[in-house]
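The same chain A turns up in both complexes below, where it pairs with chain B and then with chain C.
Moving on, here comes the complex of A and B:
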């Protein structure tokens, strides 16, 4: 059948023949040798990005299935399908085809639920992966650009999710679009024109579902694929980072090769993620579109919320102070819409640029392949926790109504508490985290110098009581001392002998980052401590 | 000539009074007619014994807040004209007699038997006409569920949520979950507008409309989601919470297990 097997040079059977055939034509041996021997370190936290990747594959598969039946048209029809309480109702073709997928297409409801659950999982796993990268300092040189690519993937995930959420044209998705429409219209000068352009006239118009569909199935997944490719390619170029340990240095990677260990492991893990998604989709309802009815601009149901990844923006809108409208020359400037938008964009910009900010402050141009323990970068960790808390308060802000009803509280009190928390909690959590990190570092020093407390108290011949400390072995000590504590830099004059504002800001930031620090134990200190012990 | 005469009549000093009188008559008569059409009172369907028993129960259980003659006090509103439907709803769902005062009276175990509730209703409806307990034929669940669903989404979902799971109002008040509420009580709530709920009278939603809404609610109650466990019908918040805690949490658990295996 195949050329390779029928060829005369068939020596090692079918596999070897095929391999030889491919190698002679596309040089597969070189590629396999290069990729197959890539080393990946083993740690659970290195699999979070994989979860996002696998959810994306599931999204592509289930999404393709859905495109076979979904019709992105807003032309009104009278529903005559299987779901009783909508029979005879007027609705758009988009909504009626979504109902058909749910009730009439074999496996359609399962696939819809697989698609929606994996969308939620994709963004969540990507977010958790980002947190891992942030708190371990994996974004440092040479990986700054890959951080930005990953950030772009997270934002594209949000965009893909939101465009998908809006497609069924039910009441919930329509209300979500109405909020977007309101936000766009709140932008000064260009707002009304942009909205009109996007919706093809006044909201809701007749084109938005078709347009979002094009974005959702073509542009956004294509961009995600491209960025995933760049992301993974850069992982290969940079090699994977690893956690500190004996023999693990900035110029090596300790782990197992891709072939065969990681191919098998990652392949198996893909099926585990796929299996979890299928099991959840088969047993838990997500977005029961039939409950919401077709979109009609007049009703707004209680409990109208976006999917989780847009929640923080919805929360920002809810927490924005009211009465912040200015009328300038007959034009209304709606700050209660603009302020949340500005805050949201500013937050995203800071996240995207953080590696460059930290790199500028430290001035560290060396490559880093050994990860930081979060406690060994106290200021970064504290900034990260403050950011997470800020995001979390905005996020919780999107469910003020449910918090109020489920915990029997006043909606107004919940809202006010969250408004205060949004400012206060990040500051408090910054201080607490930084202090906690420094304390943990001091504890590490203590353990390295004097060993671990064994809990065994002995009485010496002259009557003194001491607790016996068990010394650590070298391997354990290595993990506790292998880090670098930066010292704050001073503002130095440039070639012309002038201290620039830039230099001053940098010195100020450097002090902010590294003024409080705990130095790792030096060899001399360790020896001194051991000598001291022998005197006992 | 004719035109001139009319103009003269218009300038007559009585013209303004006549116009106002006519206007009042039309508006007042119209309103009386409309309200009469809406508040179909039936105080004759109860027996005198029921009224008497109701009065006794009222004096010993309700009068401390609502006044001896149901005229209302600082602690409770007047019940004159609230009708039998209001009593049947408030007492029948356990909200009355009220317990702790708070932003809203809570549902709790019913404290009276149905015949006692009927007696209380009889007494209150004997004070003045008001909305009566709905006719059985409007409580059957064979109405038009499509229409009921549409009416529910337009009139009720903004407080009660699209699937009747309930929602928050201001200052600790809330719209309750409608799951498990008797058809009769749903109807009575619409007619009487208890607590923060607006009144949906028969001009607003006809008895047939109400029947359709009840049919829809009972349909979704009897036919749970085809997609599996509903997570409270609360929408994306519950879904997101479930995803983070259980789906992603479970997968992270698996990664830790896989990572631990190799060590």
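Moving on, here comes the complex of A and C:
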């Protein structure tokens, strides 16, 4: 057998020779046979996750470059580098080596900016990807666990960002750490000790940069890599979802084959993402640490902002009401610190658990591979928008001072408005979104039953004016009716004849979710509408 | 499962996967509108006109050539725009031209490949069967069999004592791995409650360390203050500074409202307050002269200097601690003692 194959391969030249070599050693033919023509659905919104993945690759590349020069030491030195204004200043080695990368390494500043911009993009793209998955219901069975993996990646992204932000040991990042120190100290019982463990004694100490460096270049990226591998492995197992519409079913997958189309598109897209990051890094300054100076616990600059993905937590700290600190039995309970932390963590927990909550309420045990249009799941969409608004208010809360100074408003009024908005706006946006979704669904029904408004008004012989409606073709119709409505359940007695609290809660939630709903047009309704038209 | 049951299950799975499981509360209309199947494929210009195909090919080639040009320019820029210590603009030029060259090198490949895929590779969507994630009944039966076999052969459930001691051992073995991190930092004990200030320590300017005469402090002026000797510390300079930093302000003595026992903590309208915010520890560095308010730029906690720095706004809860001051024989401002309470962010044991 082997002689026959190798003879056959020899005719093929170098490429065939290599393929044969690899197949006989790692079985590459089997891999290609299995995956080479795997189908990937195509939609612009599926690129968001890709952007996150590619910006992570760019992070690894640019970060590795930076490690060759950066020195994570907080030992003080007198600066004598290329940046004139700081000559003679006392600073940590970490800060001075950051300045060296910026001013004495060709392409060093470029790579620092590539690294920082791609970090900002990584978290942003991961966040948008999560929103896409949420609003299209892609987290439903069998993908609940992959949602949690993706959620972990988002949190790891924030952790990676924050640890990296703190490394240069400049004034801004030092103040960021000071805030973390203050928050940790506010934890009941163990706060002060925990802070001491983290900083190796009193704040700021000389350990924290080295410790964050270990986390930032080893532990966190390793975890991200592992979770990315699991995330993608599960995508292969489940195959990608596709949007609802004609020909898209739960038991098929419609799209383009991996080779060649998807390889070209996705591979090319990596270069585009990298290229865009490079263009931004080449032309826009990010984190000019040299203008802040090294860390010193005494000065601070007004109007400073954390990186965008930390903003919501900083906002939560700002929005806490005054005088929330209590002394109980001689011990201090800092609710002004704890409340924002609890709110932030609770928000994250709800996000992580949402697929399981919705799955329990609907009781739907089927596999879902066809995505929902957001309007066809009005309650979920409304919950999602309320969550986005909640996050957005916290996020805007981190800029109360800038909003006040830029728009010449009273800082106190801005903050009070934000505090009220944090409670009120999510509720308002929930109601508006749900109503908007239901209206859009009704409009869809209208279009399916009576066709699209053409804007052409004609006068009939007997004097009546009507607007001509253009009928839709069967594909267009199917796009608008391809969804399932859910009906609320009642609290039913179990086998023992008891209505449990669990059943009652579930019935309440189910009513909350599905009381208002618009069902898709059925064949009978469609025919009735057509008959009705013919009568005219 | 009997072979008959198996074949039924198989048939069901292949017909419509979603009916195998309960749909919960989903309403599946019996007369839903039928799926017409995939939309017919629309043929592109590049598929029907050789002229367009040729043009698309040229565009892709052009983009790849552009990429080569970009990468070559980046190589050129690396040498052509060196960094110069005398001209900081050289950093900008190096970053800009090197970056733009690399950008072109990357974008040429990226846009070229995508354009190639979109115009010249087949664009008809293909449908492929998708199977349920769960294994077939056979697979599941075999999996259970393997687990049972493993259980039998090891006696995992049968040998209770082995199992339970193993659980115990597994629960205990990580503990040394946790305790070993104990020396990450010392027990803070009372360090958080004391600063460098003590009786007779002069107030000096931050960062120069020059002492301040009471007569230097005019009404309305603000001094950023550190204790004398801080700049000369060999160790823990920043840690001490993070606790001892003080803001010194002089106001009209009539505007101050000291509480009982604190009447002589100020010197002729000169008051000294800890600069470390009682919220999470940022430096409270902004002073508004006409309202006597101190503002923390991090989270906007606002303190009223005329009222012993009581919190008037923002997330902080406690007033900034006051440093009792007086003047020494030479007229320099000195501390009467350390702060009488811990400075900076709250912690559990602060008032214990």
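Before moving on, here are some points about what is shown:
Please note the rule applied: the second predicted complex is superposed on the first by the 527 of 536 C-alpha atoms of A that agree within 3 Å, B and C clash if a C-alpha of one lies under 4 Å from a C-alpha of the other, contacts with A are read in each partner's own complex, and residues count from 1 in each chain.
In this section, a residue touches a chain if its C-beta (ideal position, glycine included) is under 8 Å from a C-beta of that chain, and two chains touch if they have at least 3 such contacts.
Values in this document were obtained by computation on a predicted structure and should not be read as measured data.
In the superposition on chain A, contact is made by A:51 with chain B only, not with chain C. In the superposition on chain A, A:121 contacts chain B only, with no contact to chain C. By the touch criterion defined above, A:446 reaches neither chain B nor chain C. With both structures placed on the common chain, the touch criterion links A:269 to chain B and to chain C. Contact with neither chain B nor chain C is seen for A:23 once the two complexes are overlaid on the shared chain. In the superposed pair of complexes, A:516 makes contact with neither chain B nor chain C.
By the touch criterion defined above, A:144 reaches neither chain B nor chain C. In the superposition on chain A, A:183 contacts chain C only, with no contact to chain B. On chain A, the patch touched by chain B and the patch touched by chain C overlap at residues 42, 84, 102-103, 109, 113, 265, 269, 272-273, 276, 282-283, 296, 298-304, 400-401, 411-412. Looking at the complex, you find that chain C touches chain A at residues 14, 16-29, 31-39, 78, 82-83, 85, 88, 91, 94-100, 102-104, 106-107, 109-114, 116-118, 121-123, 125-133, 181-182, 184-188, 191-192, 206-207, 224, 226, 236-239, 241-243, 245, 275-277, 279-283, 285-286, 297-300, 311, 313-318, 344-352. Across the interface of their complex, chain A is touched by residues 103, 145-146, 148-150, 153-154, 157-163, 165-172, 174-175, 216, 219-220, 225-231, 233-237, 239-244, 246-248, 250-252, 254-256, 258-260, 262-263 of chain B. Those residues of chain A whose C-beta lies close enough to touch chain B in the complex are 42-45, 47-48, 51, 84-89, 102-103, 109, 113, 117, 120-121, 124-125, 128, 171-172, 265, 269, 272-273, 276-277, 280, 282-288, 291-293, 296, 298-308, 311, 398-402, 404-405, 408-413.
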